[in-house]
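For reference, chains read A, B, C and D in written order, and residue numbers begin at 1 within each chain.
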Amino acid sequence: MTAPTFEPKNPDYAERVRSSFERQPFMALIGAELTEIAPGRCEIQLPYRPDLAQQHGFVHGGALGGVIDSAMGYAGYSLAPAGASVLTVEYKINLVAPADGERIIARGRVVRAGRTLTVTRGDAYALKDGVETLCATAQQTLMILADTPDEPR
Amino acid sequence: MTAPTFEPKNPDYAERVRSSFERQPFMALIGAELTEIAPGRCEIQLPYRPDLAQQHGFVHGGALGGVIDSAMGYAGYSLAPAGASVLTVEYKINLVAPADGERIIARGRVVRAGRTLTVTRGDAYALKDGVETLCATAQQTLMILADTPDEPR
Amino acid sequence: MTAPTFEPKNPDYAERVRSSFERQPFMALIGAELTEIAPGRCEIQLPYRPDLAQQHGFVHGGALGGVIDSAMGYAGYSLAPAGASVLTVEYKINLVAPADGERIIARGRVVRAGRTLTVTRGDAYALKDGVETLCATAQQTLMILADTPDEPR
Amino acid sequence: MTAPTFEPKNPDYAERVRSSFERQPFMALIGAELTEIAPGRCEIQLPYRPDLAQQHGFVHGGALGGVIDSAMGYAGYSLAPAGASVLTVEYKINLVAPADGERIIARGRVVRAGRTLTVTRGDAYALKDGVETLCATAQQTLMILADTPDEPR
């Protein structure tokens, strides 16, 4: 059950992921930061802000879902061929503990990269006083769109 | 396959849902509006804003997931006993079309209300030029926490 | 929230679904019966047998998942073009009550039929003393494989 | 991202899991074998038989879902207190490759064990000519029922 290793099809994968992330206004709105990109893996961090909270003061599931979905999606995008883009087909997320911390760390990784569909998993941790606690875990399906640049219309 | 009808256990269910919704800073951040609450049903609308978009200019999956998760959760909360609160255990969401419209309309409804667990479904539509197009569909599990007020800590 | 209606692309859809169902040895092993096929809809019934049970005497989740997955898959297959076949990409199922009855009735229906991906939902009911009780509810993603006959190798 | 280790609450966990498995007629019908049980982990194998196949000759998703659901469920059950039983609340499964092999090996493991709810993951591999190929990956929610013996009624 060791993690698979992947060869990127596009040598510019990291640049491409960073550029796409920067073109997402919603990621800027919530203050998410792309902190790591590697072939088949991506980490996004979300510093706590009071306006990201739900009624109990913890990070809202919508903000949490947004960063974990993006971390999984960019993990998949890192393996896509040049000129392709990636769409989230669906995901499933379990919220296993309150998202209670100074920041959320969402990590996505590819489970299986196919030509048309890619399956990923992701985990989100709440970092509090230096300790990471798992707060959400997810599984996602992506569709790879060949020859469809990931650019604004 | 007609929708089930439900009797609320708490006559103040609508007031309670509205109060909880108003205590969610993340819903205010993204500009979501609670537009309907009925026993076992809830509708939340999200007017389009450029800062809610992903890289293609459509509403980001995180914002979409946030409103559909909340619409399903409040549908379940409307049937909870007085003094109880509700937690999202997990949900699964399919993104079936771009969230392209002047506003997103998310509708949640209870499929089965149990004592400990409640199962809901939700659909989100993009409203554009007066036409609603399904853009996401979801299924959710909620946990009912008896004697646990839904209040900030 | 009325159910969408669909036009089949292949006039022989019913014959094709029945033929595919009959070529599934696992459906014969568990005794499943294809009881209805219509454009975008399919019903499969599973009469109770003691060897389909789990440890409490109710129908096992594996048998239940098998018939609900198939009912959803054939609902999608009914709308596929001639010469295409259909693969289950993934599904999510909530088991909401014991599958306690003389037979299980699984009904699948298409939520959105796309060119490459189709999203379906399904419900399974336990029929006991003439009363249907919802025991499982599911959501599924299918992939349409054009020009890939659904035949044994 | 190393796997968590768990302390069983019931020293007789292995005996209890084996006894429950043997009381599932459906597992006997399909020929599934419980091949490993450890705290928070379970492996179930399913030797190939022609009557387990779908229309292409591979193991049917229903049989596959049945063994992966059971492997995840028994992984969770291994950590439950004495006198408790475990119910599958829901699961989500991605079928990522044809289940093509001499046997299927399904491995479940606990991601987070809670007092009421436990979250697990599972993977199924097709073993062919000595090589394991991932064919399905799943995520599950279990409910722990205290003081509810896992016995036939």
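As a working rule, a contact is a pair of C-beta atoms (placed from the backbone, for glycine too) under 8 Å apart; a residue touches a chain by one contact, two chains touch by 3 or more.
Quick caveat, the model's predicted, so the values are computed rather than measured.
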**Message:** Counting C-beta pairs in contact, which chain pair has more, B-D or C-D?
**Reply:** C-D
**Asked** Just curious, how far off is subunit D from subunit A if you go by their C-alpha centres, in Å?
**Response** 28
**Request:** Could you grab the centroid distance between subunit B and subunit D? Build each centroid from C-alpha atoms only and quote it in angstrom.
**Result:** 32
**Prompt:** So what's the Cα centroid distance for subunit C and subunit D, whole Å?
**Reply:** 23
**Asked** What are the residues of subunit C that contact at least two other chains?
**Response** 89-90, 92, 94, 141
**Asked** Given which chains touch which, is the overall layout a line, a ring, a star, complete, or other?
**Response** complete
**Request:** Flag every residue of subunit B that touches subunit D in the complex, lowest number first.
**Result:** 89-90, 92, 116-117, 141, 143
**subunit B-facing residues of subunit C, complex** = 1, 3, 92, 94, 96-97, 107, 111-112, 114, 119, 121, 123, 134, 137-139, 141
**Request:** Name, in rising order, each residue of subunit C that touches subunit D in their complex.
**Result:** 20, 23-30, 50-57, 60-63, 65-67, 69-70, 87-95, 150-153
